[in-house]
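Heads up, the next two complexes both have chain A, just with different partners, chain B and then chain C.
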Partner chain A sequence: MPEFLDDFLFTYQTLIYALGVNGLLALSMYVVLALGQLSLGQAAFMGLGAYVSALLTVKLGLPFPLVLLAAMLAPALAALCVGAPTLRLSGVYLALATIGLGEVQRIFFINSELTGGALGLSGIPTKGGLISIYGSLALALIAFAFVARSKIGRAMEAMREDELAAGALGVDLPAYKLGALVVSAMLAGLAGALNAHVSSFISPNDYGFDAAVTILSFALLGGIGSPFGPVLGAFILTLLPEVLRPLADYKTVVNGSIIVLAVIFMPRGLLAWRMGRAGAATGRPK
Partner chain B sequence: MITRRFALAAASLAAMVYAGAAAAQTPVTIGAIEILTGPNNKYGVAIKNGFDLALEEVNKAGGVLGAPLAIAYEDSAGNKDQALNAARQLIGGKKVPLILGPTLSNEMFAVGPIAVERKIPIVGTSTTANGITAIGPYVFRTSLPESDVVPVTLRTAKEKLGVKKVAVMYGNDDAFTKSGYDVMKAAIEKLGLETVTTETFGGKDTDFSAQLTKIKSLNPDAIVVSALVEAGAGILLAKKALGIPDSVRVIGGNGLNSPQVPLVAREAADGTLVGSPWFIDKPDAANQKFVADYKAKYNMDPDQFAAQAYDTLFIVAQAIKDAGAPNAEKIRDALGKVKHNGVMGPFSFTPDRDPADTSGVVVIEMKGGKFQILK
Partner chain C sequence: MSAPRLDVDCLTVRFGGLAAVDDVSFSVAPGTVHGLIGPNGAGKTTTFNLICGLIAPTGGAIRLDGRRIDALPSWGRAQLGLARTFQNIRMFNDMSVLETLMTGMHANLAESLLASLLRLPSFRHAERAAIDKAWALIDFVGLTEAAHRRSGDLPYGDQRRLEIARALAGEPRLLLLDEPAAGMNPSETQALEALLETLKGRGVSMLLVEHDMRFVMRLCDQITVLNFGRKISEGSPREVRADPLVVEAYLGAKVARSLEAPP
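Let's turn to the complex of A and B:
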């Protein structure tokens, strides 16, 4: 590899990896928002995936693909357990309940000896990389693009616009909600595992309320009309602090102003464009 | 012809001389990652002030290797990922041969492995948690770890104030305050003190009345606290508000050793006891000069973070001079051998890259908004 490219990759490695991981997190938020559910448990699922994967790698030395699988299954299982009672809630109540769950998990991590308490887990070997991160992101995006164009996508949009009407039209609301939460948990867990295996150190506070709100803002800034919006939002919000680094002290001010302006002038997100539907009438005579 | 050739030769000679002069003036740039924005920036700014003050003196005395020394600062905002990005910028982009910082132990746990991977020496001036230098052979620190300071504080409290029963409070969600607690617990056991209760809080908590009400009912001789400035000042205020008598001292770790504490807690801070590797009223000439220069330049009192940074920059500059070239590997080898007599007392590194000398530790108490040596 030429030296300048090597240096470039080294300099921006954390950023390049963070873009991919945050893209996955934005998609995990998109799945639930696309149904009109406001769940803030993504950071907790990410933390669960990160800790499970890190412990499996450090303590048991399992192969990386197996670790990733476990990092997706553990949050999925957790989502199934908490999904049944919490999905009876809606709107801000669901948001509150999921914030609570995240806090419970954070405090567990802080107090548990196994997870290293507040000191976190350090010395996690680097196993993830460009291929695993961007491969996962591409696969997830393609899968969502197909789903959004299908019958399932239409049912999801119907639920987002009017849950009652969607239910009356025969959409199986509980099944869709639980399904979305499980998929969301799996994606967040995967993102957590990938992040843990490129940053070598994780601690409980990485997955707290701040992280939950950051993930939500990815999706809101990008717009939830299509799966591409949240990923774009994640890319922008991840890049901004680094691009603005030369501004030094004014960085946070400019960063905040850009977000506020975007939200005021583009309330439906930067990418308000909606996915076309497979088999939808195009206006042309048949 | 001759004149033209001569002119050409003269011009190229002039160009060479000019280039040579420019090369000599190209500063030797080292990197620094500190918290310059956000809630913990008081530490980072004090450290930056300390570096800058020492940098002026180093450059006034001729710099290093015939060129001025310069510091490229990067802000971490106390955030692990930003600290990582900053380190990668400094190593991969600016190609610095050495990094100072980062500010917090948590950040060092993230950044340290990167520096080790690229074989760049990294020198923490404020990272006091356990296990910092164990990250790898390029990680140094000039700050005395809590495990060297806290036992001295507690032993002094036992001997001079007759403390026997203590209550312990610590922030359990931060690596610094948690590892401070681990050290306190070990020291308490070693000194044979009785612990009546151990209470925890979160670093962003503002209400400590539940823990302190319980502590009040148990009547300890002192409250041992591992906290950063904000939470620590909050505890002092709540302790006063709940009417816990002033004779019950708060014994703190490094986090409470800051002139910021009385600014927030005011008279509630009186009686606070901490151990410190440095103290503003240390009478030696080097320290008096440092304090006077710092006050003149920044119009405020230096704290230990500034003092540690001030000494560290001289140590690093010496290492670069000894290395003979701005080369990471040579600087690392030279760092291990540096002996420096600074404002904190005699300094050298142990083979494990920790400070070797603990003779500078003094136990100080807060009185009327100022620390003074405990009599």
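Let's turn to the complex of A and C:
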């Protein structure tokens, strides 16, 4: 690797990792918003993935791929437990239940000895890195883009636009909602595990309500017309504080103002482009 | 007589002490258009919602081609071939006309998640076939010029045609139409009637709830009349029109006279 690139990576390593991890989190938010649901449990799912993976690595020394798999399955199970009873109802119940999940989990992490209490877990060995983070992001992005242009993508958009009409066309509403929440939890768990293994330290308060709202703002700022919007939103909101660093104390004010202005003047997000929904060329047959 | 496509048997729903639909029975024969009429508050819309699964009945049975469907959710009924349109049109605004029709094929489209992710040949063929079928429907309902337009931007009459086409895209056994002529001007109503006539000619079974009496009388083979949640009359348009109970309960002297005049 050329020396200047090496220096660059070393200097901005944390930021480069954060961009990829936040991109994954934005996609985990996207898959739920794309069918018109609101989950505020992304941070909790991320935290669960982070803790499960860290414990498996530190205490049991399991191989990294296996650790990542477990970090996806544990949040998936949590999503099933929260989603199955609440997704039969419409409205804000999922949002409320997932806030609850996040708080319960945070209090548990603070009080359990296994998870290191309020001090969190430190000394997590470094594993993965650029390739596993950006590889996961690229794979997830491609998968979502393909699914968006299929029967499933059409059903999801139909649900977001008009759930009643989607149901009348035979879309199994509870199955779709639960499926989306589980996929979302798996992605957030993966992001949590990847992040834990590049930052060596995790603590309960990294995965609180603030984090959940930040993840939501990634998707809303970027726009949910395509999976690319949320990733763009995550990149911008991760970079913005760094770019605004010279403003010192005024940094958060300007950061917040930019978000507010973007939401007011670009309600469909920065990337308002809506991805087509057909999986083949839509021209008239010859 | 052939087995009924839709069989509604002693259907009842109570909201507290009020029987909004009270022991109503009727059936729709395959390939016919059946009208459901009655004055405001007669229970037409409630009956309609019971049939498509938005309300659970207190008693009675609903059968589609002999199979009980009254315990199924709305999407389960749709998967068995029950399609509907809405009184207040419900569009997927951001979708193009073509995408809307592909969405209408949801229940019949065999595309697994894995095939979609890997873009397997089976997926490509299914999508191509769906697009071809959508074009055929677009031509059929006369939306050829609008195929790639955003469906939320179409004029009202076109949205109604699109909604009907979306329901047809699933090749339903029975098409439920909830006041399709509501809010239409006379020329739009005429175009709609021509479309429904064509469908009827193609053997599509339909159940129609409608206020426009001329429309109902011209289109329907059989009519069921409800009043205060009960069935008060049933028969061909001619029979129903002549039924003094119906005239008294619903049509009123003025409308009855206007129906006697040649259209």
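Quick note on the criterion: the second predicted complex is superposed on the first by the 273 of 286 C-alpha atoms of A that agree within 3 Å, B and C clash if a C-alpha of one lies under 4 Å from a C-alpha of the other, contacts with A are read in each partner's own complex, and residues count from 1 in each chain.
As a working rule, a contact is a pair of C-beta atoms (placed from the backbone, for glycine too) under 8 Å apart; a residue touches a chain by one contact, two chains touch by 3 or more.
In this text, all values refer to a predicted model and were calculated from it rather than measured experimentally.
Peer 1: State whether A:Asp206 touches chain B only (first), chain C only (second), both chains, or neither.
Peer 2: first
Peer 1: Can you check the complex and tell me which residues of chain B touch chain A?
Peer 2: 36-38, 74-75, 77, 80-82, 84-85, 88-89, 91-93, 106, 109-110, 113, 118, 129, 135, 171-175, 177-179
Peer 1: Would you pull the chain A residues touching chain C in the complex into a rising list?
Peer 2: Touch list, chain A to chain C: 143, 146-147, 150-152, 154-155, 157-158, 161-162, 164-173, 225, 274, 276-282, 284-285.
Peer 1: What residues of chain C sit close enough to touch chain A in their complex?
Peer 2: 52, 54, 73-76, 78-79, 83-84, 86, 90-96, 98-99, 102-104, 106-107, 109, 111, 113, 116-117, 119, 123-124, 126-128, 130-132, 135, 147-148, 166, 170
Peer 1: Can you tell me which positions in chain A touch chain B when the two form their complex?
Peer 2: 7-8, 10-15, 18, 106, 110-111, 117-120, 122-123, 199-201, 203-206, 241-242, 245, 248-249, 251-252
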